[in-house]
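After this come two complexes, each holding chain A, first together with chain B and then together with chain C.
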Partner chain A sequence: MKLIRKQNILPWLQSLGQDREVWAPILNGNGDLLFQQIHEGPICYDLKPMISCRRILFPQEEKLFEVQTDGTIIAKPDTTKRVLFGIRSCDAKAIVFTDMFFSKNFQDAYYESRRKNALLITLSCHDPMPTCWCNTLGTGPFLDKDFDLQLYPVQEDAFLIAIGSDAGKSALEASASLFEEMPDLQAKARIEALKDATLLKFAKNIDFAQALELAKERKISPKVYDKYSEECLACGGCAFVCPTCTCFDVREFTETGIITRCRQWENCFFEGFTKEASGHNPRRRFADRIARRFEHKLTFEPKNNHMVGCTGCGRCTIYCITKIGMHRFAELATTIK
Partner chain B sequence: MQATTLETSTNIYVPQIAEMISIVQCTAMEKLFRLRFLDGHDLGHQPGQFVEISLFGVGECPISVTSSPTERGYFDLCIRKTGKVTDALHKLPVGSKVGIRGPFGRGFNPDEMKGQDILFIGGGIGLVPMRSLINYVIHPTYRPNYRNITILYGAKNPSEFLFPEEMEEWRNRKDIDFRITVDKAVPGWQGNVGVITTLIPPLQLDALHTFCVIVGPPIMYKFVLISLADKNIPEDKIIMSLERQMKCGVGKCGHCAIGEYYCCIDGPVFKYPEVKHIKEAL
Partner chain C sequence: MAGLVATFGSGAMTNSINEFQNAECIFVIGSNTTEQHPEIGARIIEAAKKGAKIIVCDARSIRLVKYAAVHIKQRNGTDIALLNGIMNVIIQEDLYDKQFVAERTENFDALKTLVAKYTPEYVSKITGVPADDIIKAARIYATHKKSMIAYAMGITQHICGVDNVKTVANLAMLTGHVGMESTGVNPLRGQNNVQGACDMGGLPNVFTGYQKVTDEPVCQKFEKAWGVTGIPRKVGKTVTDMLAMAHKGELKALYIMGENPMMSDPDTKHVEDALKHLELLIVQDIFPNETTALAHVVLPGCTFAEKDGTFSNTERRVSRVRKAIEPIGESRQDWQIICDLAQRLGYPMKYSSWADILREINELTPSYAGITPERLETGFGIQWPCPNKDHPGTPYLHKGKFTKGLGTFVPCEHIEPNEVPDAEYPLTLTTGRVYWHYHTGSMTRRTNLLERECNQNFVEIHPDTAKSLNVRNGETVIVETRRGSIEIPTKITDEIVPGLIFVPFHFTEAKVNLLTNPAHDPVGKIPEYKVCAARIRKKG
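So, the complex of A and B:
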C-alpha cells in the first residue's frame, strides 16, 4: 500500500494542480476553515471544514444561463477540472447523496458537470468531534468506497493511501517518486488499529440510532417540533452548513442589457419558502417547517431513496447559535413521547 | 429572440421560446394567452400538467396548461395577475416572446376513467387546470369512452366566471350536465347562489363508478371532501390538483414538497389517499 509523507503532500497536489484547481481545507482570514485553493494557505489536516465541499459542487450562487441582448440564451455548466482534497468521510457520503438527488428524475447539468470533473481525495477521521455521529449511520469515520483516493493518518507525519478508482490510481502514478510502499499486511493492521481507536472516541450520550428508527417509522411526537421551535431562532445556518441540503431559490437580474438567471441556496426554515403568489402558505407554522426539515432527512429520504439525508457530520449543532441541530432533535425525539 | 441556444438542448433549466399568438381578457384578473413554440413543435402535454413560463429580466412561474392536448400547434395558459411575473405578463401585447419549460409533473390519467362517470368540481381558477381534462374527455373522439359527465363550477360572483362562451357550449351539450353557482348574487343573477358544495347533494351519483376531479382554492377541498363522503364516493376515485410554489418544476429546488412528495414531479395531480395523511397537503 502506498504511503505519503506529510511534506510531500503539497508537492503532490501542486503537480496534480498543473491542469486543474486543487481545493483543500484552509483557514481564511477570519479564522474559518473552508475549502479553498491550495495557493491560499497551508492545508489543515486536523479539523473538519466549516462547510463541506458542497459549496464547490453546488455553489451558494450559480448562474443558470444568460440572455444576451440579441436574445441568444447561453448556458454553460462549469467544466473546470478540480481536485477536492481532505474531504471527510461524512462529506464524501453527502456527495453520494447529492449525486443521487441531482440525477434523479431529471439530470442537473450544472451539478453533473462539476461532479464528473472532480477528483475526490478523502481523509479518514481519527478524531471525531463531540457532535459527530457517522459511526451510527455507517457514513464514517472510514470509507469502504465512494472516493477516488482515501488517506489514513496512521502516523503523525504520514498517510497511507487506499485507491478507490482508476482516476485515483492515475493521480498517484503521475507523481510516483513522492510515495513509499508499506507491505499490505502491515498497512492493513495499522488502518484497523486506527479505526478501532477512532471508534472509541465517539460520544455516546445521545441515542441517534433510536431517534433515526423513530423517524423512519413516523413515530416522532409533534411535541418534539413544538419544543424545538421554542429553542430555534430560525436563522437558517444549519441548512447552509449541511452537506446534504440542496434547496435553492432562483433569481434574475439585468446588467448592461444582459439578463442573468441564477440560483442560490435556500432554506426550508424560512416562512416565505412555501408561500404561494395567492398568499396561501401550507407551512405557516414554524414547528411545521422544523418538522419538514427533519422528516425530509430522516423519514422521506430513507423511504424514497433508501438513504438517510443526514451523514452525521454534526455541523448543524456546532454552528448553531443555540447549539441545537440534529443533536437536540435526537435528544427530544428519544425523550418526548 | 432566437430559438437556438448553446449547450442547452438537454438542460432542464433553459426555456424554449414561444410566441403569444392571441390574448383574451377573461375577467378583471385573468387573461388567456395562446402560445406557439417558435420552432413549431407541440407542447405534448397530458391534461393537468403545467409549464414554467419565463419573462426574461423579470422571472419565471409555474402555470397549468388549460388547453386540451387535442388542440395541436399551440397551447393555452390562463393566468391570474397576482405577482411580479404575472403582472408583467399581463402587460404584454400579442407577438411577445416568452420562455417555456415543460410540460412538467403528473397530470390526470384519462385512461383510468374510461367507462366511468366523471364529476368535475371546480372552484374559481381551479377550473383552469381542470379544463384541459374536460375538453379532452368531451372531445368527439374521446367522449364515447366515458359515461355521464357532470361539471360543477363555482365562482365568488358572476363576473369571475372564466370562459363564458365555452360555458354556454357546455350548457347546451346534451351529453354534459353543467351546473354553476356563485357565492354572492348580483342584480340580474338568476342562477344558484351558495358555495360549490351546495351543488353536490342534489346529484344522483353512481358512487362506485364515478371519478371525482376536484380543483379549487385550499379551503374548498375540505368541504367538498365531506360532501363526497356523504355520497359514498370511494377515496381512491377522488382526484385533485394541488397548488404549490413549484419554482424549478423538476424536483430540485425543494419549495413544492408536500410530505414525501414533490408537487412538481409526483403531482400536481394526486389521488386523495396519497395525500390524505399529510397534514400540510390540504
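So, the complex of A and C:
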C-alpha cells in the first residue's frame, strides 16, 4: 500500500494543481477552518472544516444563465477541474447524497459539470467531535468506497493511501517518486488499529440509533418538535452548515437590460419556504417546520431513496447558537414519549 | 446613559455577553432578547437549561417567557413602581446585601424611605401585577449570587427613561449584584456600533471616552491635539432639541449621518415640518430613504462590507471591521467624506487611514489608550476600559469600586406616562421591532429573503380587544392617535395583554411613528415610544 510523508503532501498537491484548482481545509484570518485553495495557507489535517465542500460543488449562489437584451441565452456550466483534498468521510457520503439529489429526476448540468471535474481525496477521521454520529449511520469514520483516494493518518508524519478509482490511481502515478510502499498486511493492521482507536472516541451519551429508528417508523412525538421550537431561534445556520441540505431557490436579477437567473441555498426553517401566494402556509407553525426538516432527513429520505439525509457530521449542533441541532433532536426524540 | 452615570459613574453594559450562560438568575425587563439580541437570548436559554431562574417583565409573552420562573406583565410605563416594589420586599424581608450597601454605596436611607410606601399591594394597584409575583421575583433575584439584569428600549423609551435606569441600578446595588462575574446591569444596545458612537463622543456633552466638554483641561487637551482654539465649552443639543429648534426656525442647517428620523423619530408629521424649515439639510446614508428624500445634499456613504475600521459592540468590545469589497459607485467611507468636508471648510484633517484615527483616539482617550490598531489585527477585539498596551481589557466593570467611587442610590418615584388611555383613545399603543427587520428597514427591507419572511406591518391585538372592536385577524383597520392615523392589518394573538396594541416601526407603508408621542425624558431626551393612547376603527 502507498504511503506519503506529510512534507510531501504539498509538493504532490502542487503538481496535481498544474492543471486544476486544489482545495483543502485551511484556517482563515478569523480562525475559521474553511475549504480554500492551497496557496491561501497551510493545510489543517486535524479538524473538520466549518462548512463542507458542498459549497464548492453546489455554491451558495450560482449563476445559471444570462438573457441578453436581444434574447440570446448564455448558459455556461463551470468546467474548472478541481482537487478537493482532506474531505471527511461524512462529507464524502454527503456528496453521494447530493449526487443522488441532482440526478434523480433529471441531471442537473451545473452540478454534474463540477462533480465530474472534481477529484475527491478523503481523510479518514481520527478525532470525531462530541456531536458526531457517523459511527451509527455507517457514514464514517472510515470509508470503504465513494472516494478517489483515501488517506489514513497512521502516524504523526505520514499517511497510508487507499485507491478508490482509476482517477485516483493516475493522481498517484503522476508523482510516483513522492510515495513509499508499506507491505499490504502491515498497512491493513495499522489501519484497523487506527479505526478501532477512533471508534472508541465517539460520545455515547445519546442513543442516535434509537432516534433514527423512531424517526423511520414515524414514532416521534409532536412534543419533541414543540420543545425544539422553544429552543431554536430560527437563524437557519444549521441548514447553512449541513452537508446534505440541497434545497435551493431561483431568482432573477436585471441590470442594464441583462437578466441573470441565479440559484441560492434555501432554508426550510423560514416561513417563506412554503408560504403560498395567497398567504396560506401549510407549515405555518414553527414546530411544523422543524418537523418537516427532521422528517425529511430521517423519515422520507430513507423511505424514498434508501439513504438517511444526515451523515452525522455534527455541525448543526456545534455551530448552533443554542447548541441544539441533530444532537438535541435525538436527545428529545429518545426521551419524550 | 445618564441613569447609569448618576448611579455607577459609567454608562455601559457592566458585564459581558458570555457571562449570561453562567448566571443563576436573569432578570429581563423591557427586552425581547431572543428576537433583538439573539446571541444573548441564546445564552439566556442555555443558562435556563442549566437551571438558572429567569424573570421576565414584559406585557407581551415573548419567547423567554417559556423559560420564566415568573412572568410579570406590568402595565406599560410602570417599571419604576414595579422595581420599587421589588426593592420594598427585599428590604422588608432583609434580603439585601448589607455589607455591599455599607461599604460600596451611599444614600441608602433615602432609598429605604422612598420605597417603604411601595408595598406589593400598592404596586399591584399601579402595575396590575399580582402582589405574589412581585414577592416571588424579589426573592429569586435577591437570593441568587449570580443575578444579572438585562434591559433594552422597553426601559429607556419613556418620559422617565433615565429614572427607570436609575431604579434598575438601585436594585442591583441593593443586592450587591455589581462588580462580579455574571451579575450587573446590562443595557443591550440595539446596533452593532451604537456603543462606539457614544464612546466616540456622539453625544452633546462629551468628547471621546465620556470626557466632558465642560471640563477646561479636557478642552485644552483636545485644542492642543487638533491645533485649534475656542472649542465651545457649552453642552450641545440633542436630536430632540435640534428638531424643535428647526421647527421654530432657530436652527438653519443640519447634517445627518446614518439616521433616518423620518422613520425613527416620533410624530413624523412634526419631524417632516421641522426638516422642511431648514435652509440646508445634508444626509449621509448608504441608501436613499425617507429622510434623504427631503435633503438638499445627499452624501453616499458605504456599507460595512466596504469599509475599514472598528465597531464597539454592546459589551464594550472594540473589534475590527475589514473591507471585503471596494465601495460601489460614488460611495465613500464616512471618515473620508468628513475629512474632505473639513478640508473645504478650511481645516485640513490629515488622516490617511482608519488606523491613523484610532492612534489619535488612543492618545486622547484614557479608556481606549491600549486598544491600538496593531492589537486589533488578531483575536476578537478588546473590551474598554483598556488604559495601556499591556492591559487585557475589562470583561466586567466596577470590581471592588465603582467608576465614580461609591455607588449612589438615586431613589425615584413612579411617574405616569405622558399620555394614558381615556374614553376617546381607550387603548395603549406600544412600538418595537420584529425578528426579520432592522430599524427603519433601509437595509433589511431591501433584502429579498427577509422581506419574504415579513413584508408588511401589523398591529398585534388581544382576542378580547379584537372581539370588542369586532375586527377579524388580518383585517385592515385604522389605528389612530392624537398625532395621526395609519391603515394596517391586524394580527390577533394572546401573546399580548388585553387593551395593549403593538406595532413595529420598520414599515414605511404604515409608519407607526406618525402616531407615537414626542413627549420625552427631560434629561435623556429619549421619546416615549413605548406608551401612548390610541384607538382602532374599522375601515370604511
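Note that the second predicted complex is superposed on the first by the 337 of 337 C-alpha atoms of A that agree within 3 Å, B and C clash if a C-alpha of one lies under 4 Å from a C-alpha of the other, contacts with A are read in each partner's own complex, and residues count from 1 in each chain.
Please note the rule applied: a contact is a pair of C-beta atoms (placed from the backbone, for glycine too) under 8 Å apart; a residue touches a chain by one contact, two chains touch by 3 or more.
Worth saying up front: this structure is predicted, and the values here are computed from it rather than measured.
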Looking at the combined model built on chain A, do chain B and chain C fit side by side or clash?
fit
Included angle at chain A between vectors to chain C and chain B, based on C-alpha centres and rounded to the nearest 10 degrees:
80
Regarding the shared-chain residue A:Ala234, is it in contact with chain B (first), chain C (second), both, or neither?
second
Is A:Ser177 touching the first partner chain B, the second partner chain C, both, or neither of them?
neither
For A:Gln18, decide between first (touching chain B), second (touching chain C), both and neither.
neither
On chain A, which partner's contacts cover more residues, chain B's or chain C's?
B
For A:Thr299, using the defined touch cut-off, is the partner it touches chain B, chain C, both, or neither? Pick first, second, both or neither.
first
Name the contact category of A:Ser278: first (chain B only), second (chain C only), both, or neither.
first
Contacts for A:Ile74 in the overlay, against chain B (first) and chain C (second): which applies, first, second, both or neither?
first
Pick one for A:Asn205: touches chain B only (first), chain C only (second), both, or neither.
neither
Could you tell me how near the closest CA atoms of chain B and chain C get once both structures are overlaid on the shared chain, in Å?
12
Chain A positions within both the chain B interface and the chain C interface are 251, 275
Can you list the chain C residues touching chain A in their complex?
34, 38-39, 41-42, 45-46, 49, 63, 66-67, 435, 448-449, 452-453, 474
Chain B to chain A touching residues, read off their complex
1-2, 4-8, 10-15, 17, 56-61, 82-83, 86, 97, 217-218, 243-245, 247-248, 250-260, 265, 279-281
Contacts from chain A onto chain C in the complex sit at residues 230-231, 233-235, 251, 270-272, 275, 279, 321-323
Chain A residues within the chain B interface of the complex
64-65, 67, 70-77, 101-102, 104-110, 246-252, 254, 259, 261, 263, 266, 268, 273-278, 280, 282-283, 288, 292, 295-296, 299-300, 303-304
